[in-house]
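Common to both upcoming complexes is subunit A, partnered first by subunit B, then by subunit C.
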Partner chain A sequence: MNRFRMKTVVLGGLFALLGMVLSGCFLAPTPPTEATLIFSDLVGPVGGQGEVKVSVAKMPGGGLAGLVVGGESSPGVYVGLKYDPNQFRVTGVELLNNFEILAWGTHDTHPDKIPEGEVRFVAINPVEGAVDGDVALIVGNRLGGANFDFTADKANLQLVDANGASIAAYNVSLGQAPPYYVQGGEQ
Partner chain B sequence: MKKAIFGLVVLALVVLPGLGQLSGEWSTTIGLLPAPALKSTSLTLAYTFNSWQVKSASDWAAAGWVWQGFSAQGGLGPVTLEGDLLFGPLVPAFLYGQVIAQVSLAGVDLGLYTAMLGEAVGGTYYPPGPTGGAAVKVTAPLGDVAKLTASTGFGASLPEDGFTIHHVSGLTKTYATNPYPGGFAFTYALLAVEGLPLCCGITFDLEFSFLKSGFDYIEFVMKDAFAICCGISFDLGVKFTTTAKTISVTPKFAGFGEACFEVYGDVVGSGLYLWEGIRVDGFKIQCTLAECNYIEFVTTFNPDLFYTSATAPWSNLVYNPTSTVGLQKFFDTACGEFEYIGLGFCGAGCCGGMYHADLRIFFGTNGGLFDLTRLLATMKVPVMANFTFDVELAIAAAQCATTTLAVGWTFTF
Partner chain C sequence: MGNRWRLVSGILAVVLVLGAVPAWAATWYVDGALGTDDDTHGTGSDAAAFKTIQYAINDSRVTAGDTINVAAGTYTEDVTISKQVKLIGVPDAGGALPTLVGVTLTKGASTLTLQASASYTTIENMAFVVPDITGDYKSINISVALSNITIKGCKFNASGKFIVTGRSGATAVQITSGSSNITIEDCTFESGYYVTIQGYVSSLTVENSVITNCKSGINLQGGSNLQIENTDISVIAQGADNDTYCVRFASGSGSTSNMTITGGTFTVDKNNLTATYGTYHSAIIIRAGATGTLQANKMNIEGEVVNQSSTTLDATYNYWGDPSGPSGGVADPETSRVANGTGSLVSANVRFDPWLMEEDGTPTEATYTETVPGSGTVDAEDTPEGMGDVTIGATGVHTITTAKYAENPGGTLLHGDAYYDVHLDNAAGVTSLTIAFCPATADTVIWYWDGTNWRPCSDQVFTAGSPSCVVVTITNTTSPNLADLTGLYFGLGGAGDRGDVNNDGVIDVRDVRLILQAALGLVTLTEDEQVLADVNGDGQVTRADAEALARKLIGLVD
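So, the complex of A and B:
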């Protein structure tokens, strides 16, 4: 019995030591503290389907209820989310959660109005606002494995909260197309 | 150059195996149709000393050197330790690290899992950046047949299917520990009891999951319930979540193997609590005739909801996944495919090995004779004791499909 206790104590000590050594690895990315519109990294294999998730964090006014990507920044000037058309070809924008996609377009759907390497869409949530959560999924064909930056100008984005008021103070986080990726990350 | 390659081959095949402590595996897949191309090749070297094994695994694709992994596994007294490191030579960058410590005390297995993900790994999560956490898992017997499993995560979890890191080439690496969301904070608790005996040969499984945000789900599964006759019985399952209840019935036929009838469907509703009906998207009948010998019939009414691996189209069917990353449509939409018949068989091969073969015949509205669209076949045939030959073949039976052929081998030493 004493031997068993001694073994238990030694093992407990070993685990505690291991835990202390590994405690330096308990890293957590800093969560957003301000309202943020997020375009994730592009994920998916070359030759297969690629996805970019659109989500929000810390949205004010009861949450995001409407999003326009490609709004009119100045008379007649519309620019949406831009990407490298040699690496990614958008084929659709799909709803997530309770959001509805009212309209979306790319060069393939509107060749005379939208240049290559750009997607525009309008998403609304008629039920409630989303303070944190996913809004839409931009899907397409991943044509190449090279990394590139997604770009979007805040002047061409319009965010509306659950009360119908425009959201002006927010950050935009734009992803890339990294060669190594994981899915999700939620738990 | 030729002398150097010859020297390496001699070293790998003759000298190093002679040391008796070095072993390894070399596997390669080459696409021949529609165009010749290297699909992947990997080299694993393992060195064993005392109770430890140190391993190096290198993988290449057409894009170049994709993965370089190192691992070590061994014992330290009663504690079993395992460590993994993964690097991405293409960036180059550290990608993932994992340490697992396990100990068995009086029949109780205790495991500590810690992992860390490097910032070079992207994804659809937010915020980005390196992340790391830990999880503890305890497994203990309950009586003679039942088993209790309890696990708790502190910034990490232990997914049933593992944690997979992808490369754009389609190559993947899977590990036990998911280091999300990171940090030393409570993430989840899972309690599962398996094989609790009720009566008359019926056993009972229970699983309770609790997340940091609150209750997740509770699931009850009754095994071998309602034995009718002739070895026919059913597994009944009920799963309660915060928004839904799922009931599953699985018939089992003892005596000539196991036949499984599976229905692919979902609840149709409006709002959170209003059910309007059940949508059936397809069904599968699979009869397992013997070990790795089976026949299956799959018919779908909504083929767009069925997926498979983007890099291995002959792998298993995935119904309505939450994410289609790394997947492709199982059925060829250009061919209007909606149905297939699958066959699997194995047998004694060369040198004490077993050959395995899987065959799938697809049917679609744009097919040719008998609505046939394509035929997928994959074979693993042992040629020598340490050499296995692989074939992956897709034959187009209609103009909408494409014929592809890939061959490969696995050489162990």
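So, the complex of A and C:
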């Protein structure tokens, strides 16, 4: 093998490797194959509005018709979706599609009930269910660029399908606040 | 050799021990149809048996502690027992007991007489029929002071004698002064005993027995410790100047101590007679000589209760023949509540409060009865703790009884906290009744027992205030309605009721969605579901209820 061919092989390998890395970052994630409640990555620039989209995929029973984020983990102690309050501050939960937000709260709205870095809400679609699609949008201020993980315990979530039955078999996909969204602004 | 000797002596010892048992506890047999009275009989049933009971008792081979089995049939003989025996009747295939009918009819005679040395005798599964007597008569006469006599599973029939002459008649069991530990259990007495069980005794127990259609029931004239359990007694008066009672305790003087009656139904039929002064046709008569502990509880009493002693009779937790409690206008010695119901009459010095709201009813903690002319209000202070005012819109006079139960009178009620009864004497002329349950929270749901299920009252509104209350309105068109109030339980639901629209014991997202759907007209809730969906207790189901429940679900409100 001559030097040219050697260079070609090495460069080809490097491009292939770069392609694999980039695809990992920018290509759409593989769609869920099972019922999944999805909290997206935090999208938005530091100092600007950040958003987390709540959506579902492959929901049974005619689709998701009601969602409660926040439950009583022990007597008198409620827990919702948690995040780093130094990086993000939720200012509202907005309806998407035909879901109605019947209640929501954060430390700012209920300082005696909710600790910092946590949001709770109830979204109901009284008419139909969503097998795949968006449910709600969590909006707020992106305070910093550091990455963090959203956390939510499945025990503190409630899902009901369009037939009025509880949905128990599902996965939860929780997003992060990756820095590349900060660099590029909203994607 | 040594081992063999030990083995032989061991076997001998066992044989001796086993052989000794029949020697002091033999079993003998009497068969009136097949037996023969001589000293070669009595050792077996049928033709091997004695013919008469008295011959068996008199036979010298029958000794203290022996059992005499008596085959079914009729034995026309007077029997005297003067040794400790167990006289056990053997019912026939149809369950008929051997029946003993006395032959001596003169005044003072007895069918069966227990004499000296007969302590520890048991008479079981025998029937006694009073013959055609001419004066006082006893079916069983404990004629001397004896102890530990048991009469069990026997049937007594006085052949409708009631009063033979003057003040005489038949007594089923007569006990002589000085006797002790007499037990009568699982027996029936019927058809005209003048006094059924009577005497002077220390520790007389009557349990699980029935006395029916007799002039009087149990009369402990002296001694102590009368204990009656789960025994029904119904008596019928026979003369205006002749006492009739289910139980009469003590005498006019002296000291007879401790009476406990638990369970059972006492019924007095006055037989259209009006007792003359000093005569009583009563369920219970406590005479002046009564002392110690006097109790009559958990009973159904349909007859007067008269206490002539200075010792208080505790007659709480009884049903007095009407939910409104006893009558008589006297005050309960402890609670001072006045007996202004329409049930059986009580005399002074009888504790009657609280009472039961129905026969064999659920225990109560407090009971109140108020009479309201026309429209008016029974103030909260005259209703049990946990209730507020009860207001009636009506014409005519009505009696309103309220009670708080000590336990759930109906089936399981999820989150049930307390249970009440509101009883209206009748619904005639009544247009509405409102009942306040206070204090209450916005979560509180008032339920009623429809005989099968607890159901939420259809018209209930939470009213914030001091105290906050849930007010239930009852009319002819509500659930429950006014007619239902002649016998109805209410349950006070705790936190967790309101919002649980599907009544599965859990408040969750399914309930929130149902309420929102109902508020938007997308689903129709049942009457019960509508009450539970009214989370804010304003009498309507709106989006505000769904929002209120949603806030609660995620812990935004307490």
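As a convention for this text, the second predicted complex is superposed on the first by the 149 of 187 C-alpha atoms of A that agree within 3 Å, B and C clash if a C-alpha of one lies under 4 Å from a C-alpha of the other, contacts with A are read in each partner's own complex, and residues count from 1 in each chain.
One rule holds for everything that comes next: a residue touches a chain if its C-beta (ideal position, glycine included) is under 8 Å from a C-beta of that chain, and two chains touch if they have at least 3 such contacts.
Because the structure is predicted, anything quoted here is derived from the model rather than measured.
By the touch criterion stated above, A:G140 is placed in contact with neither subunit B nor subunit C. Of the two partner chains placed around the shared chain by superposition, neither subunit B nor subunit C is touched by A:P60. In the superposition on chain A, contact of A:G129 is made with neither subunit B nor subunit C. Look at A:Q176: by the touch rule set out above, it reaches subunit B but stays clear of subunit C. By the touch criterion defined above, A:D41 lies against subunit B but remains apart from subunit C after alignment on the C-alpha atoms of chain A. By the document's definition of touching, of the two partners only subunit C reaches A:G70; subunit B does not. Counting the residues of subunit A touched by each of subunit B and subunit C gives the higher count for B. Those residues of subunit A whose C-beta lies close enough to touch subunit C in the complex are 65-72, 78, 80, 100, 102-105, 110, 113-114, 120-122, 124, 126-127, 158-160, 164-166.
Taken in their complex, subunit A has these residues touching subunit B: 7-8, 10-11, 14-15, 18-19, 22-23, 25-32, 36, 38, 40-41, 43-49, 51-53, 55, 57, 139, 142, 145, 173, 175-187. Against subunit A, in their complex, subunit C makes its touches with residues 508-510, 512-514, 516-517, 520, 522, 543, 546-547, 550-551, 553-556.
Considering their complex, residues 63, 76-79, 88, 90-91, 93, 95, 97, 99, 101, 103, 105, 112, 114-117, 120-134, 153-155, 157, 163-170, 178, 180-185, 187-188, 211, 310-311, 323-328 of subunit B touch subunit A.
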